[in-house]
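Chain nomenclature is as follows: A, B and C, assigned in order of appearance, with residue numbering initiated at 1 for each chain independently.
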Amino acid sequence: MFNQILFLYCALVIISTGLLAVRFKNPVYSVLSVLVLFFHMAGLYLILNAEFLAAIQVIVYAGAILVLYLFVMFLVNLRQELKVERFIASHRVSAITSAALGICLLAIIPSFKLGAKGAYPVERIQQLTHTKAMGFELYSTFILPFEIAGLILLIAVIGGLVLARKEREEGCNPGTDTCEVKK
Amino acid sequence: MKVQYKPKRNLLETIFQVEILQGMALTLRKLFSPPITRQYPLEKPPMYPGFRGQHALVRDAVTNDSKCIGCMRCATVCPSRCIHIQYHDDENGKRYVDEYSIEALRCVFCAYCVEVCPVGAITMTEVFEYSDYDRDAIYFNKGALLENWDKFIEGTGYDESYVNPFWRPRGVNASTLPAAQRKSVPADWTIEGQFVGTKVRQEQETEDMAPMEESNV
Amino acid sequence: MQILIIILQIAVLLAIVLLHVAYVTYFERKIIGHMQVRMGPMLVGWHGLLQPIADGIKSFFKEDIIPEQADKPLFMAAPVICLVTMLASLAVLPFAKGWALADINIGLLFIFAMSSLASYGVILAGWASNSKYTFLGGLRSMAQVISYEIPMGMSLIGVMMLAGSLNLTEIVEAQGTSLFSIYLFPQIIGFFVFFVAMLAETNRVPFDLPEAETELVSGYITEYSGMRYAMFFMAEYIGMMVMASIGTVCFLGGWNGPFAIPFFPPFWFILKVYGFLFLFIWIRATLPRYRYDQLMALGWKLLIPLSLLNVVLTGLFKILAN
């Protein structure tokens, strides 16, 4: 019962902050509502006994990625509000489209089925701790997807390095102890 | 041209960051050395001769009034023009000083007025704690200046002969000075010694005689 | 009944920690004063012993100024975010065996999460004040937090690998088998990286760029006054204590000491935390501030590779030992 109330609360907050993130005119407020959203995501993970995921959710998404978003936002001039042309001119078309999408999503719901019980029931996870259970699974059953994800991230890192790299200019180089002074 | 900003370190010194450790050792040593703080309001600083504090007009024991003769030298020499004197001459040509006021908030405490005073009327006391919430309280008129003097000699035990020998004008023959300023001064405060630059000029002259040294720093 | 006991425990912990915060500021001023051949506070009480209390009363009754052009809700929320996240991370610290408010399995990660959230308080304070100094302070804090959270987390991975757990109590107990029953010697690289990153995380000298008094007036807290300013201050000092506690738990063997102290099990823990705090203050009295590009270079070019090396070495040793 308690879990269900908690789930309902988290789900409602996630939906409402998600909407708010789109609705806010001030991008900083949008980012903050996304922050609240991430928190409640972490709450959902906690309900599912996945405390490791919850912590990672907060550390990585709330602590690092959103901070980066804020960083970018601060570098853009915020005092001038962004004026973007409406993508679709008429309200009616957008309303019909989103209503249709909503109906589609609702129609899918009955076909959801509980999956078969895996090797990790709740009691086992609690005994093993979620961190260990996830580590075992990640490095044995799902080693290939894990490595592929690692490779993709590595490519992204190298790409970032290549893009950010600048040719060293002649003369002074603040990173070293010596300095060539032109006379 | 290569400029080496930092001395080169070897690998071991780099790993252990010797400079940081040296600095830390210094601060740790200083932690146990006695502090040099003077707890000011509780513990007054010693006063040195030549201190230029609050202004005062010396009260003459005979006339019970200021010694000022209204010659206007102080008002003329004052760089910040903060001395204002009003006087009138009677039919015999005798001059009376009606008002003598110092805007102490504009004063730069150079003591030129004390140096030029031919009768030793104006002086600077050793009082330095006279701040106030009211600007008018630091605008000294004649009465206030005489009162400053009274308070000063009452607290310190100085008498009318308090004239600081350090406020004598430089390069002036001592015999031409008023009697009050003719007291003896320490050797390095004699007229030659007072001349800033004399010593330096002499040193430079002897240096010029010596062979030029390489001064590539 | 159980809830009442927990609330009582929270209240006691809070009171002790806040008292510590007050007196850490006092000792900081005293120690730095004596290191600079001064005396520090002397007038309020015997040798200034009541100074922190006087400071607290002063900041409590001071006018709370909110700049006209500030973003009001965020301006008011920022110090609360800072303080609450820092206080929350106190909950998982084990002060002695069984002396933790919440002995959760992911204690270490929880503290990371909270300390990374505390940076939101700084960032929002910088943005919401609508002043160039606070804004620059906020930007610097952001860059600093992103750069130093990585080496900090990585440096503790070695400890996690050796202990095989993220639970702080288990980490302390796992250290019983190593040299001097602390992880300092097997994890010396990790400790070095952790220590530098800890200074940067808590915005202490030599990494106090977010509040750099000489350049940014007072950085992100420039526009704050009164109680809100005091909240930032408390958050900073609680952050110091939390980081010192993590250092104690992960590298110095927590509450274990050369011999057990009867009636007061957290004795060694508290002593080690005090040692860390003294080190913080000592460094503050000694070192000048890093330049911004030096800070970034140190974080990305030295600490992150070193912490990666530490992870690899620890893994190798663990394989060889088995």
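Here, a residue touches a chain if its C-beta (ideal position, glycine included) is under 8 Å from a C-beta of that chain, and two chains touch if they have at least 3 such contacts.
What you are looking at is a predicted structure, and each value in this text was computed from that prediction instead of being measured.
When every pair of chains is scored by its C-beta contact pairs, the maximum goes to A-C. The chain with its Cα centroid farthest from the Cα centroid of subunit C is B. Between subunit B and subunit C, the centres computed from C-alpha atoms are 50 Å apart.
Centroid to centroid, with C-alpha atoms defining each point, subunit A and subunit B lie 69 Å apart. Centres computed as Cα averages put subunit A at a distance of 27 Å from subunit C.
Chain contact summary for the complex, subunit C toward subunit B: residues 31, 33-39, 42, 282-283, 285-287.
Those residues of subunit B whose C-beta lies close enough to touch subunit C in the complex are 20, 23-24, 26-28, 30-37, 39. Residues of subunit C that touch subunit A in their complex: 71, 74, 104-106, 109-110, 112-113, 116-117, 119-120, 123-124, 127, 135, 138-139, 142-143, 145-146, 149, 153, 165-167, 293, 297.
Those residues of subunit A lying in contact with subunit C across their complex are 28, 32, 35, 51-52, 54-56, 58-59, 62-64, 67-68, 70-71, 74, 129-131, 174-175.
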